[in-house]
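Can you read through this structure? Questions will come right after.
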Amino acid sequence: MSSSGPARRARWRLRLHQIIFEADTPGGKVFDVVLLLTIVISLIAVMLESVEAIDRRYHSTLRSLDLVITALFTVEYVLRLICVVRPLRYATSFFGVVDLLAILPGYASLFFAGTQSLLVIRGLRLLRVFRVFKLSHYLGEARVLVTALRASKNKITVFLASVVIVTVNMGALMYLIEGDEAGFTSIPRGVYWAVVTMTTVGYGDIAPQSPLGQAISAVLMVSGYGIIAVPTGIVTVELANARQAITTRVCQDCAQEGHDSDATYCKFCGAKL
Amino acid sequence: MSSSGPARRARWRLRLHQIIFEADTPGGKVFDVVLLLTIVISLIAVMLESVEAIDRRYHSTLRSLDLVITALFTVEYVLRLICVVRPLRYATSFFGVVDLLAILPGYASLFFAGTQSLLVIRGLRLLRVFRVFKLSHYLGEARVLVTALRASKNKITVFLASVVIVTVNMGALMYLIEGDEAGFTSIPRGVYWAVVTMTTVGYGDIAPQSPLGQAISAVLMVSGYGIIAVPTGIVTVELANARQAITTRVCQDCAQEGHDSDATYCKFCGAKL
Amino acid sequence: MSSSGPARRARWRLRLHQIIFEADTPGGKVFDVVLLLTIVISLIAVMLESVEAIDRRYHSTLRSLDLVITALFTVEYVLRLICVVRPLRYATSFFGVVDLLAILPGYASLFFAGTQSLLVIRGLRLLRVFRVFKLSHYLGEARVLVTALRASKNKITVFLASVVIVTVNMGALMYLIEGDEAGFTSIPRGVYWAVVTMTTVGYGDIAPQSPLGQAISAVLMVSGYGIIAVPTGIVTVELANARQAITTRVCQDCAQEGHDSDATYCKFCGAKL
Amino acid sequence: MSSSGPARRARWRLRLHQIIFEADTPGGKVFDVVLLLTIVISLIAVMLESVEAIDRRYHSTLRSLDLVITALFTVEYVLRLICVVRPLRYATSFFGVVDLLAILPGYASLFFAGTQSLLVIRGLRLLRVFRVFKLSHYLGEARVLVTALRASKNKITVFLASVVIVTVNMGALMYLIEGDEAGFTSIPRGVYWAVVTMTTVGYGDIAPQSPLGQAISAVLMVSGYGIIAVPTGIVTVELANARQAITTRVCQDCAQEGHDSDATYCKFCGAKL
């Protein structure tokens, strides 16, 4: 950390950085929790504003709350810019952009009516919750999950490619078979229907009417119903491996591995691990 | 157990306690089964009462049945209060509150028409079925399940937090994209739609109409369809571990369990197994 | 096998028994396949008859086909009764009853119009397909599956009991919260809705309208979406165990187990298995 | 490779074959990626043409694009025929037929209006994406997946047969119970409903109305919801096995692979690993 200001100001910035950006000090912990609560309150306000009946009664209260939180978020954003060593890097990072976007609609709503709906972008700030999680024992869990998902990335890609190919072809086929009455007015709509069906969501807004169409979609349903077994199996196997990889040590005496994370003696030769 | 009454009364209370609260004596077993049957009959009566056509024909029969069962449950509640050592602790416990709530609407319905619907709270008494299960060989199974779920608690929390963040953001996004005609009248409704879609329930009461909305929801569907693999993988791996931990041997030296099936030495104290 | 008739008739019955009841002779194999095909043809006929447009055109053809197959099934049923050692035991067994029920509606339809719909009971005869499967290498697979499902029986019971308790309570709660307009006209309908929602089927014929009802059902959806992980985990772990138990042999030299089914030498000490 | 032409022409054909059919040369790689992009563009054009509003505005542009791509695909098809050693074998192979079908509707549309919809068959050409995947590290992943699915083939067959039997019988039963108003107008429609319900798709276009029908379908839903655990468990176990088999060592004596990670001797020939 190379602060160019005098030593005292540097210490002040360092302290601020610890509170705002780091999460393993008491101050940082409190800051993170307060920030999360503010984000949640802000989101509830935006949500309630979007409900017409509530907005009509509490419009001014909710608008004031919006403005107060916009002010708070602005202060926070400026403080982040000040205490960080490379402000530009933060400002162009994902979280920096989200933090900026979370305050802009607040000011825009002062001049243009209706733009407060854009405040919903604050929902992305909820991602900060993972920072709070990261603090404690969630770290290991998250690492296992991420390792597993990264290891299954290629297989998941193959799986997703298959899903895309099947839905595109089935959607086009159903467009040819079913008429406009059933809702298959274009190929993209057919593909949308195929996704809705294969993922077993099944809205029912588009549904096959002809016997042939129903027979084909029955096959698609059973496929979708069964194929979910593939990614599930992939993730499960990778999770088991990721977990094992993390919890495994090798005995220095007999060089055998496979010890549990809570083992203190080698289970094969009895030597101390 | 410190009973303040004379020895004979104490023995009587002890016997009653065994029957009502314990489940490993023949009397207790019979009591539990009879109680469960009464709860089921009571629930069926309340359910049938709520069906208008049936209620019109058999109103008085069903009302009488309600009152008889209310009387029985009252007797049971009083007996529980009598035979338990600390009545207040039982009365304020979860099951104590449920037991009380299960009889109150019965008396209320004598004075206020319509309150018998509240008798449905008796459904919570069905939870006592797990006490009957607990008796026999279900104990081990339940222990494996609970161990696995407790071990995956943190990962499940991360998973649920992700689901909440995704649904909130997708719901808000769709509120901005889709108009009122598609049913997205407010952000909370959008979030409700996102939950309905991501969990692959798909009622179809709210469904995207615009091509962009359909494209985005297709992504959400495939995500929801595939992401279920994550909790499934987590629970499977933890179940496998919980099962293995429980089915293995105990060290004769340090009395700790949790050894793998291929272990020849205790991993805690190094003694030969 | 203690046949009371003369030796020649006994041999004839034995041969017939082999063809009809056993599946590992060429004759038995041919019989099973022909029988399955006849069942499938019969089912297709009954299905087509139920489609009004087709029935109007081909009514007499389909009726004749029904009668021919009824005659064939009758002959088969009589032959089964003749060649089996204990006819009464067969006649009262599950398959015996199904075989009888599969021919009765055929005769009834001669006298009472409309009873041919009951011929659909022939669908149960499809279960014989598993006999054909049983013949070959499906035996091992089925054994693994059955072993796994039997081992997870208790845990599955606990799981199903939880599902029942949750749906009953949620159905009753939603009946109280939502009015008749949303479709919650009685508690049983509420429970039906809860099942439709928790299993992620989501017809949408009954759907919550009030914000509170939607919030509660969102919780139910996420529960149903996530809880499926539990039975999946259970079955997966038991399948892994069942498979291992079946494919495992012990080395006679070093007494270690864990060998694959295709191993010819012990992987630990190199001795011939 | 036995080319009958002069050596120079042979070398030219060989080079062309490398580019078009093989994927591990730089030229082949570029060809595959360009081909895939052309297929995707072609599909987007066909999809947009099927949307009435877009087709009305850009009809001639999209038609021209169709014709250009048809011409390109024709050139590609002819080149494939030329450079392959046995043109007939290619022309009658799956990909050969798809490649031909992908150009025919383009020419047909010149003479018959409306036949351009048949161009959607080009969607099948997307399958070539797996050739690109095959190139790199996706090979191992795909092999694990295919091995696992092949190993679980028999169990999956048993599972699918059960699903068919259950849906046929439930569909027929519901046809008898529910009337025409609920949408159960014929047994095939009932079977279609059973598939929609058991796979948890749940369109809601056909839904039970009577209490008995709803009770039975609740059972079907819970079955469908829980039974998915079976194929998931099967695939997971087989994936774990396939992965283990592939990630292990090869015996230096008998060159066979498939040894467990904890093996010290070859399980096939007994040699030390």
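Just so it is clear, A, B, C and D label the chains in written order, and each chain counts residues from 1 on its own.
Just so it is clear, contacts are C-beta pairs under 8 Å (C-beta built on N, C-alpha and C of every residue); 3 or more make two chains touch, one makes a residue touch a chain.
Since the structure is predicted, the reported quantities are computational estimates derived from the model, not experimental observations.
Homomeric contact chain A/chain D is classed as different-residue, with under half of its interface positions used by both copies. Centre to centre, using the average C-alpha position, chain A and chain B are separated by 29 Å. Touching of two or more other chains is recorded for residues 188, 191, 200-204, 224, 228, 232, 234, 236, 240, 258 of chain A. Taken as a contact graph, the chains are fully connected, with every chain touching every other chain. Residues 154-155, 157-158, 161, 164-165, 168-169, 172-173, 175-176, 185-188, 191, 197, 200-204, 207, 211, 214-215, 218, 221-222, 224-226, 228-230, 232-234, 236-237, 240, 258-260, 262-272 of chain B are the ones that touch chain A when the two sit in their complex.
Against chain C, in their complex, chain B makes its touches with residues 43, 46-47, 50-52, 117-118, 120-121, 123-124, 126-127, 129-130, 133, 137-138, 141-142, 144-145, 148-149, 156, 159-160, 163, 188-189, 191-192, 195-196, 198-205, 224, 228, 231-232, 234-236, 238-240, 243, 262. Here chain B touches chain D in the complex through residues 200-204, 232, 236, going by the rule given at the top.
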